[in-house]
Structures are given as structure tokens and as C-alpha cells.
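Single-structure report; data block below.
As written, the chains take the letters A, B and C, and residue 1 is the first residue of each chain.
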Amino acid sequence: MKLLVTAFWGLLSLLAPYGLAQTSAWHFPPTVQAGTAFSVLTSGSGPATLYVVGLGDALQRSVQLGQSIAFGSEDLRNAGHYVALLIAGTETQSAQFDVVASTQPAGLSFIAKPSRLPVNQVNGLSGVVYVLDAFRNLLVEPQRVTFELSDPSGATQSRVATTRNGVAWVKMNSATKAGASQFRASSGDTRVQRAVLNVPGEPCTVKMNSHGAGKRIVLETDPLRDCNGNAVPDGTIVTFTEVYGGQQTTVDVPLKRGVARTELLARSRAVISVASGVVVGNEIRVSGGQ
Amino acid sequence: MMKPNRTNWLRAACPILLAGLLVGADRPSVDLAIANTEGSRAVEKQTQNSVVRDYLAAWHAMGRAMAQNQPELLDAFFVGAAKDKLEETVRAQQNLGIQSAYQEQSHHLQIVFYSPEGLSIQLLDDVEYDVVIGKQGKTLGTQHVRTRYVAVLTPTESKWKVRIFQGGS
Amino acid sequence: MKTRGGGILALILAIATLGLITIGTIWPNQSASANPDSRATLVSGDSSAQDAVNGLLQKIGRHDWSAAYSGLANKADFSEVEFASDLTGNYGSLRTYALLDGFDVHPLRASADEAQFRANMRWASVVGTFEDSRDLKVVRKGDHWQVAWPLMKEARVPPQVIPVNYLRWDVINRGPQDDWGTQDVEAPHVRIVAMHPVDRGGGVVILGELLNEDVVPAFVTVKAALLGANGSTLATEDSFDKISHLLLPKQVSPFRIDFRNVRLSQVDSVHIQPSASLVSASADPVIGIESQKLNPVPDSSLTGELLNQSGQVVNVAHVIGTFYDGNGQIVWVADTYPSRALLPQTPVPFSIALPADVSSKVASYHVMTTTYRSGHAQ
């Protein structure tokens, strides 16, 4: 493929006009704002063709030398570096210019992560904002961005950051109370909001109780809560282990309605323990049993 | 910002030289610096390598797309606004019957931001390249360009893709 | 010269073959190992007790239940359907889709009218080979022998209602549109809580444990890279079947990653990359793992029984054991798949084989199960 491209351009070059000269002047502004109208003065006379090519757009226009070339607000909207060629017969004039983003924020790419995190995490939540103009160009000039995080209890944390190369970011603490937080970012008149779910942390303790049911022993935990008093969600796995006479029995039980419940065979001198994740709970010693 | 047209001699002298210039189009000189990212996430060596590799590959893909007017060549390395804008440019070139060839000469890259959650990384690229504009078998003009690009890349399943790609910054 | 040498070799081989055939005919071996290929015609008669056993097993290998059943000495005791179910299992278990890969038959005792053999059948399934060993009584009836099949009837679950508070997670993702920054559901947060590389069998084995510390179920994998002294990657592998890929909230899975052809002495560091994605899952069924017991060498293993405490049939269960030494460090991770389905409230035995050298180090262990139901995984 590289050879094809090379050959193509080699052929183009063979056919290219030789000995081009710049005989007339034109005055292209070095910088224009995206989506704004501007004009370029030319000198000389006669018809010419203007080409404006960059990685954001490509334009061609027939012009009369000696007159102004007018660009409308619709013409160049994508920020970038552009090359302009003005070709009249065998003469070519060239210029380079930059289209820069407009100064007014019109869109925010707001990445709030994670969208679900345990309560009470210091700097556990990050917010990153890329500030864009109405044409999805990055505003590289510094902009003020306000981040606000309101937690389920109604309290709000607020931070202000200034963009650098178009990006601003903060780290925030998660709420102490489980539930949904609203995480907002705003710059100028533009505001974007994300939802963040604060979930309970590790169970603070795991405590089980037992009562006999014939040859079986019924085990049930107290409702599991984290160290901030939030109920540990259903589905969390609690492991019951019964050790007896060189053998053991284990059951992984999901919390349902806040508690984990199972039945094990009551074996004489068995020791039953309970754990959830890395949190180890109490033990029960079976005195009678089978 | 007016720059002298310094490549007339090249066009006039020998088309083979231009062909040779473009042969080396995928081997620009590259250097990388890690700017002070002000407490944002540290950039691991593996991440640096893969970001630079994918960014340069994106330039190469962009060059082929612009030279051949094939927007689908962008799919593998661009995403979001960057992809949309480059595709628009290729379509505009198709409509006008022009092509543009980008021959990179050097990239001076700086990683200036790596987001805390690892979902975006920002590069500044002081790039130098020649752009050759052609139409219907004729070279319209060649320009040597020195400019700064700001690029934001985001991770996908297999590689980093360019999401913001903006020159003249 | 070459032609002449080849001719001599062919002659020697022909003589040796004829000799071996003669020896085998005159002094047949009392034990046999066979492949139950449908084209195999090693044994077709029942003129000896061994022939009868081999013939029966070959019919079983061909899934020719009718022919196998019709030749049984005790076919009056059960139906052909029960006979086939004994071998293939019910409820879509591993047995249902397994093929008889081979068998060994060993004589236990013999008299003029009765003999007993131990038949070890090797069944090939999607998760590897499992063995089914049966002691077969063979009786003479006139001039031929017939096998009395020791039918193992699968337990029947009595009609009942088992109340279950059903708990399930469903996931709705944001869709294919590319709207950067717009939130998607967060991937589950998982964490490696233990990791230990060991040198074993000329390779490196990474043993570890992974915790789902989130409040949602996670589909997990662990990828490991062994790095050399200069930072180069020596090898990369991922946990394949020595892990429970589905982790419920706060559940821990062991993992084992085997690297062959890399020595631990070559390894400078290990890069472990766990990954987790959010999946729809159910918290049921709950499986009790009862009567877990370590058995010493020579049959070093961990045995126990799975008890399905829910009301749903589990087609396939994967049992993974984590074994720790006296310091609480993982010394081995091994697994097994019981070949039968888990019926509600019905114990199903399992056995996890342990290497003899590991067995002596084990001070404690933890066993977990992953279950699969038709159209579901848990």
C-alpha cells in the first residue's frame, strides 16, 4: 500500500507544473476562531482557485484576484491547522493558519468514576472534564470548572478547578450514607450531571445465632451492617463452616432480606464459624448433636 | 503565519525525490517526555509504550485515509469526535476530487494528563510534516508544517484510540 | 542395498507379528484394556466371562443400549431405560454428553460358573475424563456367559414444595452509541487477596485467591505474565478452568495458572491482571459442601458430598479446592466435576485428587462450587 501511495504521488509530481512563482500577495490571518466569518484580501487580477485543506475540513472556491475572499461562519468550524493554496494559472500562493476553538464552553465530556463505590472513601471518586465548544473543539485556553457532589443526606461538596490544555479534574470523597449522589460539573452556562451510587462497605461484624431443629442446627446471622450503619446488600455471600472430627462442611449462603440462613447437621463437638469476604464472625460450639 | 513556499524547487526538480520523501512517511523521529501531570495518575511504562505506539499508528492510518480518500481506514485508530471530523474531511476531499498526503518528519510528544481512573490520556505533539495536496493527477502544492497537536486517547478492548485530535493548539 | 535391508526388516516384522498373535491366542491375558470404537471387533462373543464383559462394554461404548441390555443376566430387575440412565445420567449431567473413551477389565475372582471383574470405564466429557468403576458379576448360562449389571439407581426426589426467596441481578448496559463520558454500569471491583508462585513439575504454577469486593456479581478472569530480570515477558497465561469465573458479592475464588517450560529461577517478577465484568446472575442455588475430609496417601484426596439446598436441578457442578499449609499459605488448587446432576436435597459425592507431596503439607482447605444449569451458570 505504501508503494502505491508513493507511486501515486510520484506520478502526480511528474504531471505537476514546473517553476511556480509567487507574484502577488495576500493577507491570510494567522488565527481565526471556529465558526466565525472572516475575509482575506488578495491582490492582482484574474480568476484563481482557492484550496483550504486541513485535518478538519477541505474547501475549494473560485475567486477573483484583487477582491476579498469571504469565509462565512459555516465554512470553518473544526479547530486545526490549515493550509491554503491560491492558484492562478501557473502561479501558486500559499499560507498556513490555525482555526481555534471558540471561547465559550458549550459542551462538557464529564467522566465520573467510579459510578458505584463504597461509602466513606476518601478521594474515592474522580471527575474529569474536557471542555468543548459548540463544534466539539477542545477549548485549550484555561476555563473554570465547578464540581459539586451532593450526597444522599443532602450535603454538598464543591470544588473549583481550572482547565489546563482543555481538561480539569478533581477527586472527591464518597458519602457516608448509602444511596445515590448527584455529581455535577459546570463551566460557563454548561452543566452536566452524573449519578454515583454509594454502596455499603464491608460488614463491620458478622454474628450468627443458632437453634436446634432435630438432628439439624439452624444458623442465622443478625442483619449485616457496615461500620457506618448501612445495611449490607442482599446477595452478599456469607460462608458457614462446620468442623468436626477431622471433617468439615461449608455452605456459601447469599444474604436475603438482610440475613443469611442455613441448616447444617448437628454433629457432636462441632465448631461452627461464619465469615463474609475477609470479615470473620463468631463461633458456635455444638455440645450434643449426632 | 504566512510562510514561504519553500518546496517549489522540489516539485520542479525531481518527482522521484518526492516519491522518496513519501517512502519514509511512516518513520518520523519520535521523542517522548512526561510532563508534570500534577498529581494525576502516574503513567506506567507499558502504558506509555502502547499509547505512543497507537498514536503514531493513528497518524499513519490518518495519512493513508487522506491520501487514498478512504474514511474506513480511520476506524481502527479513531473514535468519537476525532473520527467524525476526519471522516468529514475525507468526504469533503472526495467531493472536491483532491487528496492530501501527510509525510511526518518528527513528533515531540509530551504526556500531559492521565486521568485518575485511567480512561483518558492527553498528549501534546509538536509535530513537523510536509503536506502535499493533489488534484486529478496534479500536485497543487506542498507545504512544510510545524504545529502543535493536542490529542486525547481513550482505551478500547485492544488499543488506545484517538478521541480528540486537534492541530494548531 | 536399501531395498534388501527393507525386505529383511519386513520379514522380521511379519514373523514377530505372527509369533505374538500365536502367543496371544494360546495364552490370553486375564485383564484387558480396550477402546470402545464402534468399528472395533476385538470381542464379539460371550464364550468366556471376560469376553462377555468386554462385549458388554463395547456395546455401551457404542451406546447400543438395546443390545447391551438384552444380554444382561439380571435384566428382569430393571428396564432398558433405567439401564441407560444409570450410565448416561439424567437431567443433562456431564454423563449425558460423555463418550466412553476406553475401559480396563480386571478379574477379581472366578469359578466354573461365576466370575467377578472390576471394570474401570473412562468417559470423555467436555471438561476432561472421568472414571466410573463397577464390579461386575458374570454368570454362566449354558455355553455362554452373561453379565449381571450392578444398577445404581439415581435418587428420586419426592414431590414437595421448596420455598425459595429468589434473588437475581439483571444488567442493562447503555447501548452501542458512542457518547463519551455518559455513564455505563460500573464493572465489579475485584481484588487479588493472595498470590504465590511455586516451582512444580519443571514449570511455574501461580496460586492465588480473588475476592469480589463489590455488591454485584462479577464474571472474573485472571491473567498472569512472568517477567524476567530485564523486564521481558517470559510467558503469559490465564486462569482457565482452575477458577470460579462467577463470583457473587464478597465471594472468594482460588485460581491456579500453570506455566510449562518456565523455571521459577528465571522469573524476576509476576504481573497479575484480574479482570471483571458485570453479568446477570442468580444467588441460587445454594450448595452445601458436606463431610469434607482429607484422605492420606496413597489415595491422597479431598472427598465430600455436595448437597443442593435449593429446589432446582443442577446439571453440572464444578468443585474447586484451595489447600493451605500451616502458615495459611496456599500450597495447591485443584478441582473436579462430579459426573452426576445435583438433585434437590440429594447428596452427590466428589473427590479432588491431591498430589502426594502436597497432601503432606496441607493443614487446612477451602472448597467452593460453581454450578451450571441448562441455560444458566451460577
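Note that in this section contacts are C-beta pairs under 8 Å (C-beta built on N, C-alpha and C of every residue); 3 or more make two chains touch, one makes a residue touch a chain.
Given the structure is predicted, the values throughout are model-derived calculations rather than measurements.
Taking each chain's centre as the mean of its CA atoms, which one is farthest from the centre of chain B?
C
If I average the Cα coordinates per chain and compare with the overall Cα mean, which chain comes out closest?
A
Roughly how many whole angstrom separate the Cα centroids of chain A and chain C?
Measuring from centre to centre gives 44 Å for this pair.
At what distance in angstrom does the C-alpha mean of chain B lie from that of chain A?
From the centre of chain A to the centre of chain B is 24 Å.
Suppose each chain is reduced to the average of its Cα coordinates; what separation in Å results between chain B and chain C?
It comes to 54 Å between the two C-alpha centres.
If a residue has to touch 2 or more other chains to count, which residues of chain C qualify?
180, in rising order.
Please output the residue numbers of chain A that touch at least 2 other chains, ranges allowed.
Only 111, 113-114, 130 qualify.
Among all residues of chain B, which ones touch two or more of the remaining chains?
none
Can you name the residues of chain B that touch chain A in the complex?
Counting only chain B, the residues touching chain A are 1-5, 8, 11-12, 15-16, 18-19, 22-23, 25-26, 38, 40, 62, 64, 66-68, 81, 84-86, 88-89, 92-93, 96, 98, 100-101, 112-113, 115-117, 119-120, 122, 124, 131-135, 137-141, 143, 145, 147, 150, 152, 164-169.
Which residues of chain C touch chain B in the complex?
178, 180
Across the complex, what residues on chain A touch chain B?
Touch list, chain A to chain B: 1-2, 5-22, 27-31, 51, 53-60, 78-83, 85, 87, 92-101, 111, 113-114, 126, 128, 130, 132, 136-138, 140, 164-167, 169, 171.
State the interface residues of chain A toward chain C in the complex, per the touch definition above.
Residues of chain A touching chain C: 108-116, 130, 192, 194-195, 199-200, 202, 233-238, 246-254, 256-257, 262-265, 276-278.
Under the definition above, what is the set of chain B residues touching chain C in their complex?
79-80, 154, 163
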